[in-house]
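First chain written, first letter: the chains are A, B, C and D, and each begins at residue 1.
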Amino acid sequence: MLRQKILNDPVYGFIDIPSGIIFQLIEHPYFQRLRRIKQVSLTHYVYPGALHTRFHHALGALHLMQQAIRTLREKGVEITPEEAEGVSIAILLHDIGHGPFSHTLEHTLIQVHHERISALFMEKLNEEFQGALSLAIQIFRDEYPKKFLSQLVSGQLDMDRLDYLTRDSFFTGVYEGVIGYDRIIKMLSVHDGELVVEEKGIYSVEKFLISRRLMYWQVYLHKTVLSAEQMLVRTLQRARHLATTGWDLPGSPPLRFFLTNTVTENDFDTNRDTLLEYFAALDDFDIVAALKNWMYAPDRVLAFLAQSLINRRLFKLELQNTPIAIARMEEMKQQVAGWWNGQAEDIPYLVFAGQESNNTYNTQKAEIQILYKNGEVRPMSTSVDFEIQPRNTVKYYLCYPKMQDQPL
Amino acid sequence: MLRQKILNDPVYGFIDIPSGIIFQLIEHPYFQRLRRIKQVSLTHYVYPGALHTRFHHALGALHLMQQAIRTLREKGVEITPEEAEGVSIAILLHDIGHGPFSHTLEHTLIQVHHERISALFMEKLNEEFQGALSLAIQIFRDEYPKKFLSQLVSGQLDMDRLDYLTRDSFFTGVYEGVIGYDRIIKMLSVHDGELVVEEKGIYSVEKFLISRRLMYWQVYLHKTVLSAEQMLVRTLQRARHLATTGWDLPGSPPLRFFLTNTVTENDFDTNRDTLLEYFAALDDFDIVAALKNWMYAPDRVLAFLAQSLINRRLFKLELQNTPIAIARMEEMKQQVAGWWNGQAEDIPYLVFAGQESNNTYNTQKAEIQILYKNGEVRPMSTSVDFEIQPRNTVKYYLCYPKMQDQPL
Amino acid sequence: MLRQKILNDPVYGFIDIPSGIIFQLIEHPYFQRLRRIKQVSLTHYVYPGALHTRFHHALGALHLMQQAIRTLREKGVEITPEEAEGVSIAILLHDIGHGPFSHTLEHTLIQVHHERISALFMEKLNEEFQGALSLAIQIFRDEYPKKFLSQLVSGQLDMDRLDYLTRDSFFTGVYEGVIGYDRIIKMLSVHDGELVVEEKGIYSVEKFLISRRLMYWQVYLHKTVLSAEQMLVRTLQRARHLATTGWDLPGSPPLRFFLTNTVTENDFDTNRDTLLEYFAALDDFDIVAALKNWMYAPDRVLAFLAQSLINRRLFKLELQNTPIAIARMEEMKQQVAGWWNGQAEDIPYLVFAGQESNNTYNTQKAEIQILYKNGEVRPMSTSVDFEIQPRNTVKYYLCYPKMQDQPL
Amino acid sequence: MLRQKILNDPVYGFIDIPSGIIFQLIEHPYFQRLRRIKQVSLTHYVYPGALHTRFHHALGALHLMQQAIRTLREKGVEITPEEAEGVSIAILLHDIGHGPFSHTLEHTLIQVHHERISALFMEKLNEEFQGALSLAIQIFRDEYPKKFLSQLVSGQLDMDRLDYLTRDSFFTGVYEGVIGYDRIIKMLSVHDGELVVEEKGIYSVEKFLISRRLMYWQVYLHKTVLSAEQMLVRTLQRARHLATTGWDLPGSPPLRFFLTNTVTENDFDTNRDTLLEYFAALDDFDIVAALKNWMYAPDRVLAFLAQSLINRRLFKLELQNTPIAIARMEEMKQQVAGWWNGQAEDIPYLVFAGQESNNTYNTQKAEIQILYKNGEVRPMSTSVDFEIQPRNTVKYYLCYPKMQDQPL
């Protein structure tokens, strides 16, 4: 008899891993690579517990998907065994296209969105597994007739979000971010082929939205986290600048490849397999190992940034509700230039501004649909119980070295 | 050397009980009586874990008060040892005036608000303890110059609320109600003598407001809880009606006293000590023991209500956003009258309507004040980060027996 | 479609209640009565959170039984739907024969063991439900051919123990008592019709035994708990003594019945239905309501004991590893007699000795069987990994009033 | 006014970091390096949450030390501010000498015990901080007159163990390993200058011993973890073999240094500062980055081991209670040799045996001392409540490739 594999997960207790193709996919080097990509990049510089990986997140999302399937079936929604496997594979692999440090370096190392690369990996795996992922790919691309299956993978209340909010609040220790994932799942239903939430789940969903916003500003966009991540972006930009202008930077072969080449979506059309192999060879370890090496690079900018990151001498980051005034920016550049005592072209790597935004709930996009007891279905924003006034909040930042000591 | 008493609390781990007068007050029969008054009345009919008492809540609020005092002192706020003891006593005794089933029977058994009775108990204890509670009473009555001390006892973010939301969500198992009490406390500060919250605590506070609203509609005003509690009110009203019209109902002496006498606030002016003794003799056990007895009462209405409550045959409760139409009410009364086959005057005990409301955040009242990094203090509702659109939500209900079986 | 009922349980999150007869049994007044019987008697005098009831415990054990059934079926053990229902009913009702304050008053109010009364209730319900409980009764009585089903209800690793240890440590806040109930369940298997534990579960089982022992000495037999419970026993003995010698004590009708009559197992043979009705009318509330009344009884002993219990003026209890010396006992009796200044026959209610014992793991009884990877099955005590040296630990106590104030 | 830094820790909630030298030490690159050394090596290959670092552990142990200091002071034990700082620094830095993958590579990369290197780092820091660590070093070396301070850093119940057991069980999700660290700390006391445990803490301590044993066999010495870690050792041994026989292996400069040089304790006497700098440059990232590179090494053995580790194709590990028979070992070597089809000298890197042991409680070493209520102090093993029969359990293993596919 077939025995499932059981995993201990501090978040959910035990996770049952179905045998068969799902187990084989987890064993695949592409998926094992996710063990080496942290879920929330440099967040651990502020929240030291947040070292969890995309690997763990994907398994957690798979676990929630099993629960969602069970709940929907109990409510009479038909989900065939093939569909259950397909939607499970889709959620398992939804993030397989993430590169080192996930979102932080998303457009620095490669000019392609991670979901596009996830799709490419899934196609490649589909060939390896003789078409066994076809249904999963349809669901992932939202091309399968039963819409709700795609919505469980990617939508306002998908298993991705339910897991990452639960998991990130767990490992950061920001317990206020905790959501009622189990209650939300128990409140899911399907109406006209679309995912809906039963009326009495509305408070849980509202709480989920507020928790998500809290996690954005308190964790993901925490100003120290933002500073570290933006410094990492500037470091890689500097390295790419040097690499493309003839410097021979130490680094792993795949990292050197992506530093010297600019890869765009089109390149995958002509050269998919090679590019995927290079990309699959890349993870957080290549970056950190390179940073440790670059601390001793002859380029002052690169060495300074690498040392600052490795030794956690983070830049100061000012965060405000209005755009950074040009005068303030210029003033700071001058101050840093005096301290740095280097070349003018170095300064943009040391002083930089930017913005981040978060939308609590976007009523312009596909809304969460509420199923009322009388059978009616209406978007959540029309409910008298909906008391959030969602905004797209934008925050602006200015970031620069603390200048307490000599730069190098 | 003086060793504190340590209590195991499943919510906070360990609670340290200061020795001295606080320990003596906890040992006093008035306070021990709170062991016999459940915090959330009949909520356990829906959430079976919710059997915690006012006793436990008062100790929890005391525990949080110790944390708040420590935090404020670390920020340089002066709190003398006498003030620390005073504010601790005030929070410890803030609910000592609650009667059986707390809010449910608040105006059924006695025409006096529980806070007024708390004040009376505190005065009585002050006499017993030779004036040692004077400062606590000043704080409780908001007559002490340092406003923030009173606000820690009763205000938008007092230790009462922080404990009851934490505790009630813990014992109901509604984990979505969990608030970041420890983070909120760490964000408290004092400005111009008033309690304020540091800017970066704003998300935690917003989450606290949303959690509180969720707890109202999902727990405190859950329709089955509401039904049980309203049935209890009707049962006591019926008992009082019978008792005041000559019936000799079984019941404990203090219960019989409050059923046959109408006690108002003025009565305490002339007869404080006797009335307090009677009141202090009353708790949940008098009510439940009486209900068990009344199941066999010759009065059909009383017997039916008591049986329904004890055996948890709860009435159906329709909850809606608009007032109950008179026609609907009348129709239901007729239907029940036919089934009941009794006297017309019985019906109001069996069919009744009412309303409940909850205000997420009342900007008309004293607002939560936010302390910005630049030293400014402004009400929370003016913050760009405040995305709640608070409403006073009113819900209306109609409640009546299920009429599946013969009434008796 | 049939929708299950879902309960929030702070211990397990959500509990699914199967519809059908199990749901009907839960709704039955016999079962609802368990809402009024605390699981751990007066333990809340030391651990204020420990107010949970036999009702909640029975539902928790039912929940674990569903998990055990699922696990065993996944391992290929055949359990028919009828058997699954039977074993679920058996665990649901295993404690239905408990009286007020569970074990504390077990042989004081009635001379019958609670399991015997559980069996009687099950027979009565079987008649009401036209034989639907027959299989459950067979399992409960260990008369069903598939032994392991009975072992899941009552055995070294039954769902009763797994739930009560988990639940009691949760509500007391003694987290060291936490056991790995989910892991132990996942390690269960069946061999030759008997329940066994897979080899790699041995550490969890050992930890379970040590946790159980810790709970005994730290919670169930905590000296303050023991004092309170023994005082309660003496109070009821005094009340019975008075009631049988002509006093007319206040109390509910069923309590008065059991105080004036001595009911033994044989009485149920001749008079089952009446006795069960009386017994079913009895719960914690009858006792506490009576205690509150007896505080004012003319009998000094009864009044003193009742006041001491209600106001938590608990007796001192000395706990030691050797029997109480007769001289020490006599010395204390004299001292108390002087302080009490009453009649000689009062003293045994005020000074008393006794003993409690706990056996960590009894190798004389049916042992836990370990299933090794090579297919062998051997008792746990023969494992090289078994490092406990189990003893039957006996502790002796002497209990008497603190004599700080005048007795009355 | 001085504001402490507060850290979110999922394990303890909030951790307060004292300002002053402790904060400066945490900011030091030597300490920040611990962010890049996982606490439990490759355990995450079985328990995916176990990615926590020595950095986090050191902060957790510091947190517990603050609690222990507070508890002991409340009991009247004198601890001066200087001693409090000293013992805090000692626990903070106790593991600063750990190298990559902590214990796993402890004697593979360098022939020096990590505690010796910790001491060297502390001396170096003491020079940097002008002698501010002198008292800490005395305590760390057990040379300070107040013995109990050293015992809090290293002893049967030190803050190191209390934190790592708590933390490791938290992040693995093996909740059965949870210990009552807070209760144990509250039970600590000092008698004749030595650390003792109050009598009523004995059950908690016993539970701690059993939990620790469970963690050893279920986590630290889990056979899959053991396999991965032993493979890592063999990989580094192979790399060192190649490096010392003239191969130019890719790798970071410090890794290459330790692969080509054999560093012993004596070398630190003559060359401390340089060696410490090299060692401080080394962490988990050097190893993993090298493994990723070595997957493509021309040496078949190195490439095979590196690929197997990176892609988690772990060797099979047989674990048993008796030594591996020579015949069994030889048989397996032959089988592997046939499959491997390489050189005889390759085989010891592919087939290897070993043993691991764990002692639940060593009564030969300094025992835990119990303080009885009568003032007596006796070793725990003499207590009638001590039911553990401690053994030094040895398990033996044989480890070899699964041979399902072609080796390369």
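Details
Here is the rule we use: a contact is a pair of C-beta atoms (placed from the backbone, for glycine too) under 8 Å apart; a residue touches a chain by one contact, two chains touch by 3 or more.
From a predicted model like this one, the values you see are computed outputs, not experimental measurements.
Ranked by separation of Cα centres from chain A, the top chain is C.
The chain pair with more C-beta contacts between its two chains, of A-C and A-B, is A-B. Centroids of chain A and chain D (each the mean of its C-alpha atoms) stand 32 Å apart.
Averaged C-alpha coordinates give centres for chain A and chain C that are 50 Å from one another. Centres computed as Cα averages put chain A at a distance of 43 Å from chain B. Multi-chain contact residues of chain C (touching two or more other chains): 13, 174, 183. Chain C meets chain B in the complex at residues 7-11, 13, 27, 29, 32, 35-36, 44, 47-49, 51-53, 55-56, 59, 170-174, 252-253, 281, 285-286, 288-289, 292-293, 310-312. Every residue of chain B that touches chain A in the complex is listed here, in rising order: 174-176, 178-180, 183, 200, 203-204, 206-207, 210-211, 213-214, 217-218, 321, 360, 384-385, 387-391, 393. Against chain B, the residues of chain D that register as touching in their complex are 1, 3-4, 6, 13-14, 74-76, 182-183, 186.
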